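First chain A sits with chain B, and in the next complex the same chain sits with chain C.
Now for the complex of A and B:
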């Protein structure tokens, strides 16, 4: 790692003789390839090991075979994972919780940003400032009081014809979704984007008699694809990866998300092949999404840098 | 119309007045009401799940609230804080977090900057490398922690590689069960997971530097290190400040790695403030004590980022 840290100097020095194209010499490529190995081989090791029986995983550790799909390959570990934990249930839960959080988050945060950007709401500059101010509080400081708080919250329960008032949100789907729908940073991103859309467009629509809601739905939102993608990704990743929160608020097995499932593999005898199979199952969907929507992912991360 | 956009909000309203004078008061009231209806859900949820818990952290820290207590919380003054400041684990946690942050901030931002410089060239195939460097970022920290937990074992992958490249001369330690190597091991893994994230942020900063600056430098015969030192580095100033603050806050919040890999051990050598808060609030159900820890943590974050902002302020 220490050598890596020095590389701006090294690259620059290499290119001193090369004029305008720094980092295109041999040294630059050696560094790029070395870094590629460092960053991708552990994940390759995880995936390859998930296809091997435990004994072979340990046997292969001392040679390059650790990173190669050789020997007795099978999907046995994957089968065992589904026998050992309700993996399908966890996947359904995580997909459901993430998708609902993303959809509601996009709708609610973009509506708020639309009102702040386009409509005459008294004190909207102050409201926007207050919303952005909430970003200075890290979630970690809120999490513990929030557990106590969600346990006090009421909920209306419909069962058949009866409407009953219950107390406490612990151990539900809603406790995994509702607190994460509204997001100050998403409001901010949408607001920034909406401000870049010419207001003449909605003035024109107003003249044609369109309502505010129609302008939001038919004019502004269709033009905001990149902002929607950014917010969707920045909401999806933490929802799929969430660990601290469901660890504290969800006890029932049938409500748990995928990340909590890892605990099941350390209760009795540990099979590392199965651990690697389970972690591959819960990682590959996100990696596939990333590779399919690379540009959107990278842009969303770049804009999330604005935060802070 | 063009005039409208170049002005601030308040003047806009005055400029627009003549054109909108024909709008009746009722229309304006409807707009106001509809505006609040669209704003309402987000504001309500933010109040419920950000503002209230933040205030509760203040309130509950001075009570004896428990998660599932039959009694209503009562005021106990500074008891929780007195207890916290007498707790040796708290001071260990504070030191561990400081250690982690002091190493991770320069290491991670440096590695990320190096990677950004390496992929900020217009050469075929560079996007492939960007994708590989970014893979750990989309991998959950829980998965990364488990994977490295396996790699860090006494006879694990890392020690096998170390033995290989040193021809069997060096045998690595049992990384996570050793008070002196547990934290460095977690640091290395954390940098590996998150560097790709900050690489992208550096990259977006690098791409804002005008190309003619470099061209002018080339004409003057300035290249290599000098170019980095006098053009790239000063131009990255806003990006640098941003990365400093975000990595610091991320480092101070260290939790998942600890919870999955070491549970704070061995001998508190990897315990952190957030880990301690979760243990108190969740495992021991002492919401009030956990709130006190959270409050201390929040003050720490405020102080550290305040000091950073002061040190990196515009000196003009």
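Now for the complex of A and C:
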């Protein structure tokens, strides 16, 4: 049987001659545009429907009008959302809980990863493996035992000038934050990224008398922007979307996050326009965050070979 | 494993079944004991977050009660309905249940068995309440409701006339043959892809609430109610199989969609179906949209009489409440006719007592909504009063979806029976 030997350099030369990378031709653009349309349609439907009365939303469903801002448009649904749900309070709660979780998560997890990547720790490969192994356990399995545990935890409470020891973290902000600061996936992601930073930089810093913390703070972390961005996004998203946990541990309305608010609309006779308006409101911060960090996010995913 | 622990585990699994999202276990005491009420403030949990009308009505009763005496105060905490059961089960595991909870009636036996609820001892007379507004288990009353809702079918009078179909009444509902024939006639008009909308996109408690009455109207049931120990014969007997085949037949004959739209009432009002299976809660909306063209139809008699599900949201007192008497006093206060009427008016629901109905023009004799009270009185069948109900409901829901998808009816029903029987056995018969 005859065989054909391909010369890889010839193929490369051919591509270079055309000046095109695969997927950059008209077909590639058409495919990209088609994918963009497919992925943007649900968001488009949500935003457009949030401006329409219920009857029209359902009336438009069988035509392209469902995705177009046509017919009777108004901001009535947005007004109704704020009448029905303390949306501003929920937004503030979610922003607060998510931001604090992200900030503390970046600090704690990067420190753990730094120790595992740089410091001499006996059995650190085993420790890292054990940390990664915890990813197998679904949160739903841990949820109720965790409720029990957080209800046993002590807390020091300032009551005027008195300091009292209380038991139980339920119905607080901290119960929505603390259990999610340490995150195995974030540790792994930081660890992988730190491994790509040359250790000679640490050694040079050590020669100059830098401590481990100085190396962490002034050498490694400034070079880890993409990893920080990725961890920030991957921590922010579940914190923002958190539903089951706050449902179980928060009883007071003034402490609830935005996702619990979604359920406020699913009573009898659902007003879909209001549902779309509320989901538009709570989706905007996530979209804005992704747009702001997308380059760093993609870079980190590409460099660490991890799918988010 | 301790029996009490098993109960909490089973109740938690029941919560998963109802809520569909929570994996749960518990602490051993089996009680929702919390200490709530010890300081003179009793917390009340309700599923009405986002339901401004009902929440405001509840709050007004709480305010009136608080103003009527100075010994205790009631404090309202509202939760979204879809996640309410999960919040209660979590709180029970952490011993943080409030004194007063509202509860979907079919879950009362499970919560009583799990020792979340204590038997009620009210000064109010419950003998005049609609039977479906009193939650019982093992001969004791654990909950009481201010209202009920009733399933019904809505249609346009003009469509029925165009199809030459008789308008059924509470006294003379459609027979199975008449119902099938009406669907065929409506289909022939060619106005709709599917003339009937039974809300097949529904999930959770809708599935047993809406479709088990159709099964019961065929002569089947979810469980054998003599001792609640087996579903064999009730859920997989000839009558149950006939129901399943008929139900699937509605799809294969093109009378209804295998999966309806998300909001059947709105689809009906938009002219996408001729008959919608809904209930008293949608009457105001439909009447506003269609005026005199709206006809409220009773469910058909499929052989064993027309049936609808009984039992809606009710109130109970938890076992750990430190001031049970005050909680009972509050429930008795709520049951005054003017208070029942206030909540029922605000929610567009059927008042629990005739005395309250007399205060509501729509539910007085010949009132626009009096037909729903008639349906509730004449057709309501309570969902099985057993702690196994949440599991049964989940199994039945899965079975309905299998049947709608074209699965073999007998096999699907046999599988449900086996799972239900296994669950009852593994919980030692849910004995008290």
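One rule holds for everything that comes next: the second predicted complex is superposed on the first by the 240 of 308 C-alpha atoms of A that agree within 3 Å, B and C clash if a C-alpha of one lies under 4 Å from a C-alpha of the other, contacts with A are read in each partner's own complex, and residues count from 1 in each chain.
We take it that contacts are C-beta pairs under 8 Å (C-beta built on N, C-alpha and C of every residue); 3 or more make two chains touch, one makes a residue touch a chain.
None of the values given here were measured: they were computed from a predicted structure.
> By the touch definition at the top of the document, which applies to A:59: first (chain B), second (chain C), both, or neither?
In the superposition, A:59 touches chain C alone.
> Just checking: does A:272 make contact with chain B only, chain C only, both, or neither of them? Give me first, second, both or neither.
Both: A:272 reaches chain B and chain C.
> Between chain B and chain C, which makes contact with more of the residues in chain A?
Looking at chain B versus chain C, the one contacting more residues of chain A is B.
> Tell me the contact category for A:85 with respect to chain B and chain C: first, second, both or neither.
second
> Is A:248 touching anything from chain B or chain C once the two structures are fitted on A? First, second, both or neither.
both
> Have a look at where A:201 lands relative to chain B and chain C in the superposition and call it first, second, both or neither.
A:201 contacts neither chain B nor chain C.
> Is A:181 touching anything from chain B or chain C once the two structures are fitted on A? First, second, both or neither.
The answer is first: A:181 touches chain B but not chain C.
> After the superposition on A, what does A:145 contact: first (chain B), second (chain C), both or neither?
A:145 sits against chain B and chain C alike.
> For A:114, decide between first (touching chain B), second (touching chain C), both and neither.
In the superposition, A:114 contacts chain B only.
> Take the contacts of chain A with chain B and those with chain C, and give the residues found in both.
Residues common to the chain A contacts of chain C and of chain B are 58, 61, 140-141, 143-145, 147-148, 151, 243-244, 247-248, 272, listed in rising order.
> Residue numbers of chain B touching chain A in their complex, please.
Residues 1, 4-5, 9, 13, 28, 31-32, 34-36, 38-39, 41-46, 48-54, 56-57, 60, 65, 67-68, 107, 110-111, 113-115, 117-121, 123, 126-127, 129-143, 146-148, 150-151, 155-157, 160, 163-164, 188, 191-192, 196-197, 200-201, 203-204, 214-215, 218, 223-225, 227-228, 239, 242-243, 245-246, 249, 252-253, 255-256, 259-260, 274, 277-278, 280-282, 287, 290-291, 293-295, 297-298, 301-302, 305 of chain B touch chain A in their complex.
> Quick one: in the complex, what on chain C touches chain A?
12, 21-27, 45, 48-52, 77-83, 86-87, 90-91, 93-96, 261-263, 265-267, 269-270, 272, 281-282, 285
> Quick check on the complex: what are the chain A residues that touch chain B?
Counting only chain A, the residues touching chain B are 1, 4-9, 11-17, 19-24, 28, 31-32, 35-36, 38-40, 42-43, 45-46, 58, 61-62, 66, 108-109, 111-112, 114-116, 119-122, 124-125, 127, 131, 134, 136-138, 140-149, 151, 178-182, 184, 187, 199-200, 203, 212-213, 216, 237, 240-241, 243-244, 247-248, 259, 262, 272, 275-276, 279, 282-283, 286-287, 289-291, 294, 297-298, 301-302, 305-308.
> Provide the residue numbers of chain A that touch chain C in the complex, in ascending order.
It comes out as residues 54-55, 58-59, 61, 83-85, 140-141, 143-145, 147-148, 151, 168, 170, 243-244, 247-249, 251-253, 260, 263-270, 272.
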